[in-house]
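There's a structure below that I have some questions on.
A, B, C and D label the chains in the order they appear, each numbered from 1.
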Amino acid sequence: MSAKMSEQSRGVYIIAATPFDQDGELDLNSTDTLIDFYLEKGVSGITILGMMGEAPKLTSDESLLFMRRVMTRVNGRVPVVVGISHPAHRQVALLAKSAMSLGAAGVMLAPVANLKTEEQVVNYYLSVAALLGDDIPLCLQDFPQSTGVHCSVETILRLVEALPQLVMLKHEDLPGLRKLSQVRHQSEARGLRRISILAGNGGLFLPQEMRRGADGAMTGFAYPEMLVQMCRLFDEGRDDEAEEVFDCYLPLLRHEFQYGIGLALRKETLRRRGAIRCAALRQPGPRLDREDLLELDALISRLERRLAALNG
Amino acid sequence: MSAKMSEQSRGVYIIAATPFDQDGELDLNSTDTLIDFYLEKGVSGITILGMMGEAPKLTSDESLLFMRRVMTRVNGRVPVVVGISHPAHRQVALLAKSAMSLGAAGVMLAPVANLKTEEQVVNYYLSVAALLGDDIPLCLQDFPQSTGVHCSVETILRLVEALPQLVMLKHEDLPGLRKLSQVRHQSEARGLRRISILAGNGGLFLPQEMRRGADGAMTGFAYPEMLVQMCRLFDEGRDDEAEEVFDCYLPLLRHEFQYGIGLALRKETLRRRGAIRCAALRQPGPRLDREDLLELDALISRLERRLAALNG
Amino acid sequence: MSAKMSEQSRGVYIIAATPFDQDGELDLNSTDTLIDFYLEKGVSGITILGMMGEAPKLTSDESLLFMRRVMTRVNGRVPVVVGISHPAHRQVALLAKSAMSLGAAGVMLAPVANLKTEEQVVNYYLSVAALLGDDIPLCLQDFPQSTGVHCSVETILRLVEALPQLVMLKHEDLPGLRKLSQVRHQSEARGLRRISILAGNGGLFLPQEMRRGADGAMTGFAYPEMLVQMCRLFDEGRDDEAEEVFDCYLPLLRHEFQYGIGLALRKETLRRRGAIRCAALRQPGPRLDREDLLELDALISRLERRLAALNG
Amino acid sequence: MSAKMSEQSRGVYIIAATPFDQDGELDLNSTDTLIDFYLEKGVSGITILGMMGEAPKLTSDESLLFMRRVMTRVNGRVPVVVGISHPAHRQVALLAKSAMSLGAAGVMLAPVANLKTEEQVVNYYLSVAALLGDDIPLCLQDFPQSTGVHCSVETILRLVEALPQLVMLKHEDLPGLRKLSQVRHQSEARGLRRISILAGNGGLFLPQEMRRGADGAMTGFAYPEMLVQMCRLFDEGRDDEAEEVFDCYLPLLRHEFQYGIGLALRKETLRRRGAIRCAALRQPGPRLDREDLLELDALISRLERRLAALNG
């Protein structure tokens, strides 16, 4: 079993896709090859059952089956974070406890969709935390574009103060650059723990986020090696080179950033790269048409030409 | 097995609560007493696993268990409609097929939450219908306050034309009175089938909806006997008396209409009336405090005094 | 000039409609008769240029013209509160200062629509307050169904603490009964000023709100005399009689509660009662059709029969 | 006076900022220099009083004043399109007629925010068109992220069929690439007029949109010369070179794409380039802090180095 998620977690926690076959069944063989792909690319951790992992479309049994398969394949080589967002507390608790007993490094929780005020957000996390106990490391996913729930910096810091097990923020408010800076500045000014912040939103603002205090990325871009390289360069203080690398991939990364169809593009790219056998999303979900595929071809070819030029 | 849901379905299809015990477990004994309660009050049908039935908080197994228990208890005396709304098509299909094989009269489906255009709404229903086949009677739930998805009259009628199995509309757009009239008028003008329309939204506008062409109510008010009486009076052409009855209950009905806490009030009222043993919602969900309970006391007492005066 | 709005303000502050003629021009003669109508019915105050007053459809010049006409007609007999919500700070300030110089008792401000966090809500009010100075009494309009902006109890109390000129809350969150109680309880527990709370939302929950600590109503129901009578009965401790009166009008009040078309119904009722000459809304806005008008006829007739029976 | 907007309009219609001074007053001198800046960069047209032009924060008088100043400065050299979106029809009509009488080439209209169904969207445009008459060329702004109103391809094409004066679509649904293709394909399949489509959304997907049938861009990127060069290269069939140019600017363009603060970044960039004297937005609106400014410095420096390398 690998180490638990902690305030020191950093680098690339790739958001794993969930592979299905043409009939929409979980594809467990592709789960293995996908995990191998991510590990070969050098990721620091893997996050499964996130929103981009189509988690709400899985049954409870399927979630457990997939979780188990991933854990077995990873076999402790990197930490695995498990998404546990669900409308019912008891299902949140069940997923969390199953994940931890299978060796997960921690769990990730977004607020349920019908919370209206920040008081409600705080109470939501407190009540879930009471169910989970103090021992399960928690990542707060701040993703208002998807959940409709907004958190101020104050709310995030109140939760950091109240919950020692809250060790990570998945930062994906948009626009969110100033918010990231404020979390860092205000946390320091108040003498709070410095938690890990990993940037989401497809990585669209990753260089800026790294400079403002992110510790890495938690996103699912189909070229994880770029994210890995970037984070390493940032670690070595070679920020400009890191941004150079990022800019190379930016046209494609921006293309994947499109909400909804972006996941279909990402899975198709993973398929082309040999990571999974079938790119289909579970229905309902977008399917790529001929024009989408040709456009993706063109963007990938441009990237390859650019990389060849850069490296050649 | 009772008759299937059809264009001729009318009267009160009560939206059944899902009873839990204090620990949040499904309470199957209360399920039996609740079903008995509804049947005693004279409902024409029962709808289970709707949004107000806390369906999104149940696991797939629990849904099947609850469905089976209800079917057994009802034992064909009235039609049972089963809510099958779910983010994944395959789960929609599984729920629908399980329901029908257990003797359901039909299924109810709301659009998934991320549909943006009406073209997408139409395609959503067409693709689900393709999965379900022609034999499963379908009720379209038009509830934009909860789903965020809006349907014009045109969209509803396109679906009526395209899908012979679409036999019922659960009407709960708000405001929605004119929309109900337009569905009736335009349907007739175009020579379409006249489908069954049952009014939701807690019944807040039920007398007006009956006059505009509704065939009954599909809602969960904790005094189903009032809805039953009203619909019978409307059937007999005694509209003014029906409205008189309605007005008696309106203060309490309006109180239950409050989204969120309304369900907690409804379950508490059902508990007081002996229909279920425990009023708790599954977490997360509102809990009544002392002030809420006293307020409910007062409203129920007022209703009882009024009924006594009316009948005395 | 009448007294300013204050923490002691109570009773019925009627939300005034803005009368237009058939061509959509401001109807200043009807403005006079409408004000006379409200005063005759015994309102304690008048609120103009609210959302239901179609304020966003007026030009800046029209707002000033209407404001001036109302002030002249009221002539200090009751306090007039002026809605100043607008996307630009400078326009908010201009409206506020114009209103006060014309003799308004205070101003009412809802948060602009794009505020996402409560920190932003607090900052919004602080920045407007800095522009307005300390001398203009302020009413906070908490109406998330229209603005999309949610405030917790904590946010409201922070503003009460920070801004001495914040003397009134227009309470129209929905459901909002518990929130009202919490504002009262927590305010008292923290030793804060007790501000005036007037209930909105068409008055749909007014008896419950009065019992939970509201000081009156700020809404536009077309039978202001009922609201006035109710508030007086509550003042005299005759709560049950107050609720009796309310229940009489509830079917019609609920009918007006329909967002959007409710305003058209309200203006038509005011027209029938002789308060204004033309019921038209400025375009775009709903128009009543034959079916709507017959339905309204029936509801008004029922009310009149009921009142006759009660008083007879 | 320049030619009217038409189905043949193409190239870059820059969305003009509205310059204010430090006190929030309209800065008419900067209006002149800004217009000169845009014309020097070679834009094909100018769009004023769009959402990014802070139009909702202007009074009616200020809108007319600004409109007049722009028209005078442009003096017929390029077509000027005027945004006329407003909650009241009569204000829409007033703005449109004023604009045309001052020599505008056409007007741009987004749906008002409270339209729920596409039927309502269609009726909204039909009723406005009835007010404006047939002679005012109309651009439909499809920007659901800002308006909350969604239009399907079908709705757009119905409007193209019904309204001969509808000659342009400002395409900024997101994701929207497939929608753009479908508008082109279905329009052709049905033998409809081919309207002009200009891409918005900050230009984030401009190369893909040009390949899918856009005729140019309508956005406010602070380096209009890039957009101009790109469109020219696309016109010459040099698509790959066009995309090369685009990719150079993409990091900065993506940075401006941030909703809200993006406008503050854009105005600051325009200020640095000498186009306007003061970068301030009217309040309420975001202000750049030190960290934002340093980040912008770095992005602009990177761009300049890249351009130097490319051209050197």
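Keep this in mind: contacts are C-beta pairs under 8 Å (C-beta built on N, C-alpha and C of every residue); 3 or more make two chains touch, one makes a residue touch a chain.
Here's who's who by UniProt: A, B, C, D = Putative dihydrodipicolinate synthase.
None of these values were measured; they are calculated from a predicted model.
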item	value
Any chain in contact with chain A as well as chain B	C, D
Maximum centroid distance from chain C, chain identifier (CA atoms)	A
Euclidean distance of C-alpha centroids - chain B vs chain C, Å	34
Approximate Å spacing (C-alpha centroids) for the pair chain B, chain D	46
Distance from chain D to chain C - Cα centre to Cα centre, in angstrom	38
Multi-chain contact residues (two or more partners), chain B	260
Chain B residues touching chain D - in the complex, by the definition given at the top	116-120, 144, 150-155
Touching residues (chain side chain C, partner chain B) in the complex	174-175, 177-178, 181, 204-205, 208, 211-212, 240, 243, 247, 250-251, 254-255, 258-262, 289, 291-292, 295, 302
Chain A contact footprint on chain B (complex, rising order)	24, 56-61, 87-91, 112, 114, 124, 127, 260, 282-284
